[in-house]
Amino acid sequence: MQRIGVFVCWCGSNIAGTVDVHTVAEALKSEPGVVFSTDYQYMCSQAGQDIIKNAIKEHNLTGIVVCSCSPRMHEATFRKTAAAAGINPYMVEIANIREQCSWVHKDMQTGTEKAIILGKAAVAKVNLNTPLTPGESPVTKRALVIGGGIAGIQTALDIADAGFPVDIVETKPTIGGKMAQLDKTFPTLDCAACILTPKMVDVAQNENIRIFSYSEVQEIKGFVGNFDVTIKKRARFVKEEICTGCGACVEKCPMKKIPNEFNLGMDNRHAIYIPFAQAVPKVATIDPNACNMLKKGKCGICSKVCSAGAIDYTQKDEFISEKYGAIVVATGFNPISMEKFDEYAYSQSKDVITSLEFERLTNAAGPTAGKLLRPSDLKHPHTIVFVQCVGSRCAACAEKGKEYCSKICCMYTAKHAMLVRDKYPDTEVYVFYIDVRTPGKNFDEFYRRAVEEYGVKYVKGMVGKVTPEGDKLKVQASDLIANKQLHIDADLVVLAAAIEPDKSARPLATMLTASMDTNDFFTEAHPKLRPVESPTAGVFLSGACQGPKDIPETVSQASAAASKVIGLLVKDKLTGNPCVASPNELMCNGCSTCERVCPYGAITYEDKEFMMPDRSKAIRRVAQVNPAVCQGCGACTVACMSGAMDLRGFMGSQIIAEVDAICK
Amino acid sequence: MQVNEYKPLIVAFCCNWCSYAGADLAGNNRLAYPADVKIIRVPCSCRVNPMFILRAFQRGADGVIICGCHPGDCHYTSGNYYTRRRMALLFSMLDYLGIERERTRLEWVSAAEGAKFAATMNDFVEKVTALGENKRLEDLRCKR
Amino acid sequence: MHNDNTRLTQEIIRASGVNPSKCMKCGKCSATCPAYDEMEYHPHQFVYMVESGDLEPLMNSKSLYKCLSCFACIDRCPRGVEPAKLVEAVRFAVIRQQGADHMTPDDVPAKLNEDIPQQAIVSAFRKYRK
Amino acid sequence: MIVSYFPGCTLKTKAQDLDMYARKCAEVLGVTLEEIDNWQCCGGVFTTVNNDAVTKLSSVRALDFARSKTQPLVSVCSACHNVLKQTNHAVQTDKAFADKVNLYMGNESPYDGSTQVYHYLEMLRDLVGFDAIKEKVVNPLKGKKIAAYYGCLLLRPSGVMQMDDPENPQIFEDLIRALGAEPVIYAMRNECCGGYVTMESPEFAAKKSKAITDNAASFGADMIVTACPLCKYNLEKNGNSVPVVYFTELLAEALGVKEDTQNA
């Protein structure tokens, strides 16, 4: 039986003005378990707290009920008080007789009656309270960043700067991501490589950062502070530590007609290659699908020319296991396939390209060495049509497009159009748009400059059909303002393809038990207030894996995610919320319902040996809650059909006791 | 004050993050609602087991209201969606048992909606008062 | 008059199964329409005018008989609005009125030639006649 | 394999070739076309308004006939196929429509939309197989550059027709390849020829048709193939010098049964 003390606060006249506090204290005296009851002007004051502390000692109290203001105000205060006097802080319950009683009722009698009932409910609950101790778990002081684009790079640099080791896992042979493929960046038009490559070098030189390039995450186990991750380092058939990146092997490789991914297939690379000049790590990689030595065992030229002796045709995939305290997802985006949009003749004409391909076409390191030449005949295009929202804002067919706005296209299209007019004033540039969306610092000014200073022709309307004929692309479009159908003979058509999360995101989300929306973007813990955390504790989001973003936004989110990671890694131990779910293993029927409703992946199932009533032993599959991951929502408790799952601090019996007390 | 005026007994389950805070805000702004409403704090509306509601009716409650965060705003991401589905089933079952539909309610009240909380409670108490005492599920062994 | 118009608008929306409020005014229907130049009101205007109940000009317009029913607007609309179905619903609302047939059997002989397939005659009647 | 066959009005009159070659080739490919008893004209247009059930009854009758034989329903003419498939889809998805037409039909067991509707091309691809056709080709059409013309009726509305990708279809091209010729891919192959207005506004239809044949010619097409009599009429009458032939005729030539029919 508990020994409960009741402490009724006047809160000056805030409570005492509408509630007869003496009567309340008196009435609660006769409740089961109550051995002491009193009232005082300000319970939260030092003097008030001392009353509680003394009473605990004097009356050997095991439970406390404070009838006062909202628990959101002073629950923490009174818990500390209790703990200071030597009883478990979770033996304290608050009856909210200010915000939810004295302040909303005018009449002394009704106020007092209600306060007594609220007090009774709190007493009934405390009678069933049990001491709770928050779990503690150690924190591995190392972070994993999945994805080595600008988001992953920025996050890794910030975490490393705070002194924690970071590993970056990147599937491509080099870090840099999409930004490395861009030519210029809006709205300032500085060149992407000039601002990105120094950061890549910083990553390479930072002692706290390890780069696993050409690698992928194979398996993730564990929970916040304690993730066990297996990383698969794919064989690149070149010894990374030895290769100097001199490029002699690349020059001599006879297989030189392999479509170059970095330039989106618009030119060729060799079977052994370094994606681009500033690649990090700057080491060669052999494409096993193209290399004659690996396919047929004939050739071996690269091995002969490599003075460092870095080539190793026998290299195997390597698996690395590492422990991490936090994981940052930075898997980024890709433009969607244009296959379903062949009204724009993307598959029929080389001169219909996506915006990312256009970036390569205007880049000095691109297939045309920065000269704007159209891919089919390498002639200078005189009329260029840009089509916006290709696959964005498309609700008609999920297979075809995406319902959301891809956010970055309006700005990069303005950039492309402006750059063309700047470099090649003899070129006519049309941009077909539904709406021009330019929220962002200096964004709208940028777009207006494209129109007003550079003479880009913005046309409100869409393109309906592109028909290649002869060396022209006949573009049929609507001009909604002029109420006309336009027919333009274009030389080049550029499609602003919608962007979608990288395909690796979904299997990764499954490994992380992190949630995703219907578009495969990672869901944040709270859309407004916790935008860089995943609902799964210890998993953070950086960049476009969470939603379409431009570079400035990506970098801010990347740094925000890093600061959250640092906040986690500085702790030696994680103190959990003790109000977590816990199953009664004897009652659990192993149905997995709780596992499915848990938004945090806190519940797993385990085969455990049980002593049966006849003293035989049996193996049963029972639910296990990881208290470090559980957030204490209670969804599982109600979903549980066998009544095995309960929530500490809000147990079914406690809530029913409150109901009973209220309804008595 | 009228002596024999009928006073309903209302149990309100409020989620800690939105609705309980909404009720506190109603108090901060001194927005009155009847004292018949007694609030029980739960971490999330999805912690409300239908058993609690049945228990309340059994013990003589005249109305039960569950308040949670607005759809999409749940502190625990998806808890209020579970609640919505569970309560739809429970309410229709109660309806079948003859507990009037107006005696149960599910409302979304955010932490900023003190006024909505008070208005909701005023309205709910009014509706339940109009229905009178709930006898259908009451367990006579625990007569008030 | 206003009430009549509202009722007729609703009837056209119901019969066509089209929800014009889904339209985001991108103009792709009009960009794709092969009959654009023949039309006085273009597909996107059709959608907007039905949405705003501005039916009379549409019903009196020759545009109704220029739609080729090629369904390119239906297929290419990013929002699934299906403008061609609206055009047809309005056309039917017109030709179903007494004596409003757009084509009668008497019109046919003059339009025929040796090679015209039967299909052309059959479908013209289905499209233009009650 | 036996399939129910719906020829349609034009195949009995102006487009007898299309029909004749279709039957001849089916025979070679081991498919028996069982012509539906007392079929009625499909009407040439599927009206999309949902308050027009009567005009779709002839299609429902044909679909119901195929169901009674548990055979797929095959047609050659693009318009017939379009009307049949859309009607079938409406029966499957629109309960009110299904109830209404079944009330008219007065059948003991109402028609439920269970008949599989195939265009002759789909039959070649899905039931016969292009590889099987390739094996039966005796007279490969080597060196011919052939432009397939889909028009609108075969592909759209794509959600219902489900024949192929509406913007980048391959079925015709695959057939052309199977017959040993080289397909010509051109963007206008799925644009409208103006068929439905050819009587009403011949000049307008001429403009549309000309653009298509010109686009095909610009890619060096030797001939255009089509499945639709109305398209053929339009393209031939208004187009350029590129000949327009029915795909069944091309098939018959490759399978070596074209001369037979002419001699017979």
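A few notes on this one:
The letters A, B, C and D name the chains in turn, as written, and every chain counts its residues from 1.
Quick note on the criterion: contacts are C-beta pairs under 8 Å (C-beta built on N, C-alpha and C of every residue); 3 or more make two chains touch, one makes a residue touch a chain.
None of these values were measured; they are calculated from a predicted model.
If chain A is ignored, touching splits the remaining chains into B | C, D. The interface with the greater number of C-beta contacts, when A-B is set against A-D, is A-B.
Averaging Cα coordinates per chain places chain A and chain B 35 Å apart. With centres defined as mean CA coordinates, chain D is found 63 Å away from chain B. As a whole-number value, the distance joining the C-alpha centres of chain B and chain C reads 53 Å. Across the assembly, chain B contributes no residue that touches 2 or more other chains. The multi-chain contact residues of chain C, meaning those touching 2 or more other chains, are 72.
Taken residue by residue, chain A touches two or more other chains at 343, 397, 465, whereas all remaining positions touch fewer.
Of all possible chain pairs, the ones that touch are A-B, A-C, A-D, C-D. Residues 159, 165, 167-168, 185-188, 191, 214-215, 218 of chain D touch chain A in their complex. Interface residues of chain A, counted against chain D in their complex, comprise 339-343, 345, 347-348, 397, 465-470. Residues 70-72, 96, 98-101, 103-107, 110-111, 113-114, 117-118, 121, 515, 523, 525-527, 535, 579, 597, 599, 631-635, 637-639, 647, 650, 652, 655-656, 658-660, 662-664 of chain A touch chain B in their complex. In the complex of the two chains, the chain A residues touching chain C come out as 343, 389, 393-397, 401, 434, 460-465, 476-480, 483, 485. Residues 22, 24-33, 36-37, 42, 44-45, 72, 76-80 of chain C are the ones that touch chain A when the two sit in their complex.
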